[in-house]
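Both complexes shown next keep chain A, but they swap its partner, so chain B is in the first and chain C is in the second.
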Partner chain A sequence: MIPRDRLGFAWTALTASRLRSALVTLAAAIGVAAVILLTALGEGARLYIMGEFSQLGSDLLIVLPGKNEKGGGPPGMIFESERDLTLEDTAALRRLPHVNAVSPLSVGAIQVSVGARAREAPLLGSDATLMQTRKLKMARGEFLPALDLHQAQAVAVLGPTLARELFGTASPLGEWVRLGDRRFRVIGVLAEQGTSLGQNMNEVAIIPVASAQALFNNPALFRILIEVDGRARVESVTRSATRLLTERHQGEEDFTLITQDAVLSTFDAIFGVLTLSVAGIAAISLLVAGIIIMNVMLVSVSQRRSEIGLLMALGASPALVLRLFLLESLLLGLLGALAGLALGRLGVLGLASAYPGFPLTTPAWAYLAAAGTALGAGMLFGWLPARRAARLDPVRALTGR
Partner chain B sequence: MRTSDLVRFTFGTLAAERQRSALTMLAIAVGIAAVVVLTGLGAGLQRYLVSQFTQFGTHLIAIVPGKANTTGFSISVIDTQRPLTLTDTQSLLDLPGVAAVTPVVSGSLTAEYAGKSRRTLALGIGPQAPKVWSMELAQGQFLPEDDLTAPRPVVLLGSELTRALFGASNPLGEKIRIGGMGFRVGGVLKSKGQMLGIDIDDAAYLPAALALQLFNRDGLMEIDILYDQHEHADTMVKRLSRRLSERHGSEDFTVQSQDQMLASLNSVLNILTFAVGALGGIALLTGGVGILTIMSIAVAERRGEIGLLTALGAPSGLVMRLFLGEAAILGALGGMLGVALGLAGLGALHLAIPALPFAPRLDYLLIAEALALLIGLMAGAWPAARAAQLDPIEALRSE
Partner chain C sequence: MIELHDLSRIYTVGDAEVHALDHVNLNIDAGEYISLMGPSGSGKSTLLNMLGLLDRPTEGIYRLEGRDTQGLDELERARLRRERIGFVFQSFHLLPRLSAFDNVALPLMLAGRPPAERKPLAEQALESVGLAQRAHHRPDQLSGGQRQRVAIARATVMRPALLLADEPTGNLDSHSGQDVMDLLESLNASGITLVMVTHDPDMGARARRRIVLHDGRITQDSDAS
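And then the complex of A and B:
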């Protein structure tokens, strides 16, 4: 038998029982489509989160006070230490080479009020550089003016949600707001933007760092943000910043430096595992599809005993019979894979049009793995039925005993 | 046909095609097993997390400064103009139902002894903290019952920190420096291991007033309260809020009982478990297609038999019931096999990872079994209807 004839033989066998073949194809297709759809969701979630974070720029270094020897506990937990991060530290860091911008950051909660309207809001104390390090955009007015780090000034920039809640539709520019027990003039409103570094920037008030320190009566900084001149220099700046701060802190490394990349790679790893395990769960249905292929092929072998007997009587070797039946189950797997790819792709496109903001892409490996697993299942589970067909005794098969 | 005959007939046909029936059941069983294992994992994770949260006792209430946002974190913990103070803590002591109160402030400090130094987690607490958190001593004593605002410089050490600083020698009564301040070691705590990723054995527990001084801050991060067993969490939350509101003039803090925290944790994890179970359900769908395939093959193969039955006067309803019954039995038996497989899988996982409790959810087991039966019925409906509609003459002629 030439390969074309073999293919024709298997194809005829499949189309002879159309319903059965269609159902088995459907079973395999469900599994393949599930893998493709779920990996697309997982990958989409990963890209979405990464996008949120990389808005900040991957050339950002974050300095936080305190350090644990064993690194026990998430570094974000620490915000107190005996030696504070100070404005002088900030000024010293600014003198390092390859540093674009260094922003001091002090954070706290404060009562914000305009007339009778009042609410509690997160207050950020920083300076003009924060606009660059946190990639902020203004909706109206201006950001904080460039001041000396120690110079307080009664001006504030509000997040859009906070501005709306305090002023309604009226323009807040030039108006006074009361932060705690002091008055500040609103000079700008931020544009709508998402959460960055776990802080919803739509609800904050931002004032000069010296004014924030006076309000809270606390000279300690919560964070120092460093924007490095180019991603390639992140490592060298990390080293020089560590050396500088250690020197300034009487030779003690009582602070922690984290890079944006470190945070990102953690997320990356978590989401990678998540996508993989979800795909694995979906692949269980491919196992089920394999069992169904085996079942149907076994039925097919027992129904076609006389046909097999005839083939063998005409001189077909057991190896040929084996290959014929294997080809048939492989074809089932292939059909299932193709239908599943189409179905999964359709589902992804449907979801993508329903949620345009969400980046949905199936990674290439998922297509390959899903289709490959379906084909593999066809091969693997087709083996037993094919072997049974090949071992048939032609005489017995033909006499129907 | 009597019901007993019906059952015997159905089982008879299934047994006649033993291999085929077994494989069809296996296909369903894999799906059910996936659902059982995945929901079991979800429930196990839930039980693990709950036990992590409740290892300090269950009758706890935490007060943090400011209003907590949706993630449960209050930015006022970092800095606020309306801090929670040590005198706030003291004012809660005499409330009815309050068993013990401790202030909490944490950070990172350097502990030094005899030339050795180590950066460690520093927790500022009160003398009642052992009661609130059910801490246990390995040696020595807890913090002395001093006035919260004027404590003596005594420190408790975690077991890991003790080992790092003192090695095998006895730390009790020794003078150590923490954050540059001199302390006398009053006791060493029993090892408690990690709590949600934070190693609480590598920690120093010092009086809150001194910790505040070292950190140069005036507000606490949290006040933890243990209340009496017979009190209700909600009434305690109200009582505590009222007392603090009176002192502060407004409710500029958040009171949260452990019950509330556990409730929100549980609801999140329930959704997660359900979602994972639903993912496993995809395999179940595939298994349903398997039943559909096998039943339609059976109907095609047994045309003669069906024709004979109808010719002998069997109503089409009976033929339908016969095939439907077959499909339902395939589903139900496959489901049972799957539950057994799933439980075995969970048991094996528990042996491999002892930290993960063996927690099959009975409700999910029952739902899975019912689902298997339902899928069998649904997958059987179409072939059964086809069988019932067969024209007996046509069917017999094709024999």
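And then the complex of A and C:
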């Protein structure tokens, strides 16, 4: 039997029971579409997070006090180190080659008030370089002035949300805010921006690092941020910074250096696994579709016993009967895969137009895997019914016994 | 053309063994017209299926056109059925989803003949049973007699040497039954070997050679030689 005739014969068999074939196709299509949609969502979540974090730039090095950061836990839960990170460390790091900017960072929570309005806000103590290392943008006014690291000055820059909460629609520039027990003049307001490194920059107040140390009465720094001159130099700067700080800390490496890349690749890995697992869950529906294909084909084989007997009497070998029925299952899988690809694509487009900000993309492997699984299911689950058909005794099949 | 030597077919039903065919010896020459008769369960259908290579003997020898069928694998048996043997069934066994033409062309299609080659052969076969006008009707649009004639066209489209008919008129009224018998006999007259199972004595009597089976044995053979 020539291949085209096999295909035609299987096709007439499927179209003879149109509703049943359509329903099976639908079941397979839903499975395929589910894989595509869920993969798109997982991949979208990954891209979204990556996008948020990569705003910081991949040429950033972060120095943390203590050596236990790898143990996990949110920032601030680090073991107290014996030696703090200091402004002197910051100044020393600034003398390293291939370093664009080094920002000290002192962090605490503090009561912020203007007149009767007060709220708790995170306070960052840093200097003018933070604008560069954190890729900050100003909505109005100026960022912190360039000062000596040890020089305190009563000026503050506010995040946009904080500024709105304290001053409403009025301009805060030149106004006084009270931070803890001291007064600071507002010199700038940040532009709206996303969360970076777990810190919502819309709600912070930023003041010179020496002023923050005085407020907190603590000379220890929370972080030192180093912006490296180009991504290619991150590794060499990591080494030289480690050497320098170890030397300064009496030969003890009581700090941790992490790169933006390390953080990113961790998230990348987490969301990669997440995407795979939702795709895996969706693949279960493909498995169910495969079992439905098998069931339908089994019913079909038992309903068409006399047809199978006839084909054998007319000279079809069992091998040919097997191939004909396998082809039917394969066709069902193929139709399901095609319909599912279309359905999944439509769903992704629909979601994308409903949530334009969310980066929805289905990776090519998801399309291939979903369609391949549908075909494979048709093939795999078609095998048993097809073999049953091929093994029918033609005499019994023809007499309906 | 056909030689059977001590051919037996034993079914196991539960614990009991049923001798559907019990040491049957039979020779059939090319061009013969034979009726197989006997009560239900006498083994006449089993014998027909055996001749048609749909069933395998439990023991004994079946030679078809001088060739022992014992050692043939499924592929070769299928090939012989396709090329040398035609079947006509009591209940027609047409595929309801295919047109009369496609039903007739089915053996050609299974044999791997391309469509261009199938068309003239199937048309000719339909023509020879007088149904050229009905080529594109589906079986449910045809009368019983017409359906059986389509089935006969299908059985002969490969120009087999042997035509096996199992109660070909069993589901037909006497008028269409007559037509079908005339058709089968004219095919026999043109040289095809015809073996027909029937339990209608009038139909059976029309055959030149009449064989009666009882309990799997041949008890009468009008041509006993």
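Everything that follows uses one rule, which is that the second predicted complex is superposed on the first by the 391 of 401 C-alpha atoms of A that agree within 3 Å, B and C clash if a C-alpha of one lies under 4 Å from a C-alpha of the other, contacts with A are read in each partner's own complex, and residues count from 1 in each chain.
Everything below uses one rule, namely that a contact is a pair of C-beta atoms (placed from the backbone, for glycine too) under 8 Å apart; a residue touches a chain by one contact, two chains touch by 3 or more.
Owing to the predicted nature of the structure, the values given are computational and were not obtained by experimental measurement.
Of the two partner chains, neither chain B nor chain C is touched by A:Ala354. In the superposition on chain A, A:Ala364 contacts neither chain B nor chain C. For chain A, the partner touching the most residues, choosing from chain B and chain C, is B.
Of the two partner chains placed by superposition, A:Ala146 touches none, neither chain B nor chain C. By the touch criterion defined above, A:Phe222 lies against chain B but remains apart from chain C after alignment on the C-alpha atoms of chain A.
Of the two partner chains, chain C is the only one touched by A:Ile2; chain B is not.
By the document's definition of touching, of the two partners only chain C reaches A:Gly315; chain B does not.
The intersection of chain A residues touching chain B with those touching chain C, taken from the two complexes, is empty. Here chain A touches chain B in the complex through residues 19-20, 23-24, 26-27, 30-31, 34, 38, 65-70, 72-74, 77-82, 84, 106-111, 120, 122, 180-181, 198, 200, 215-220, 222, 252, 254, 278, 281-282, 284-285, 287-289, 291-292, 294-296, 298-299, 303, going by the rule given at the top.
Residues 45, 49, 52, 54-55, 74-75, 77-79, 81-83, 87, 89, 93, 95-98, 106-107, 109-112, 114-115, 154, 158 of chain C are the ones touching chain A in the complex. Residues 19-20, 23-24, 26-27, 30-31, 34, 38, 65-67, 69, 71, 74-76, 78-82, 105-110, 118-121, 164, 179-180, 194, 197-199, 202, 214-218, 252, 276, 279-280, 282-283, 285-287, 289-290, 292-294, 296-297, 301 of chain B are the ones that touch chain A when the two sit in their complex.
Listing the residues of chain A that touch chain C in their complex gives 1-2, 5, 9, 12-13, 15-16, 306-307, 309-320, 394-395, 398-399.
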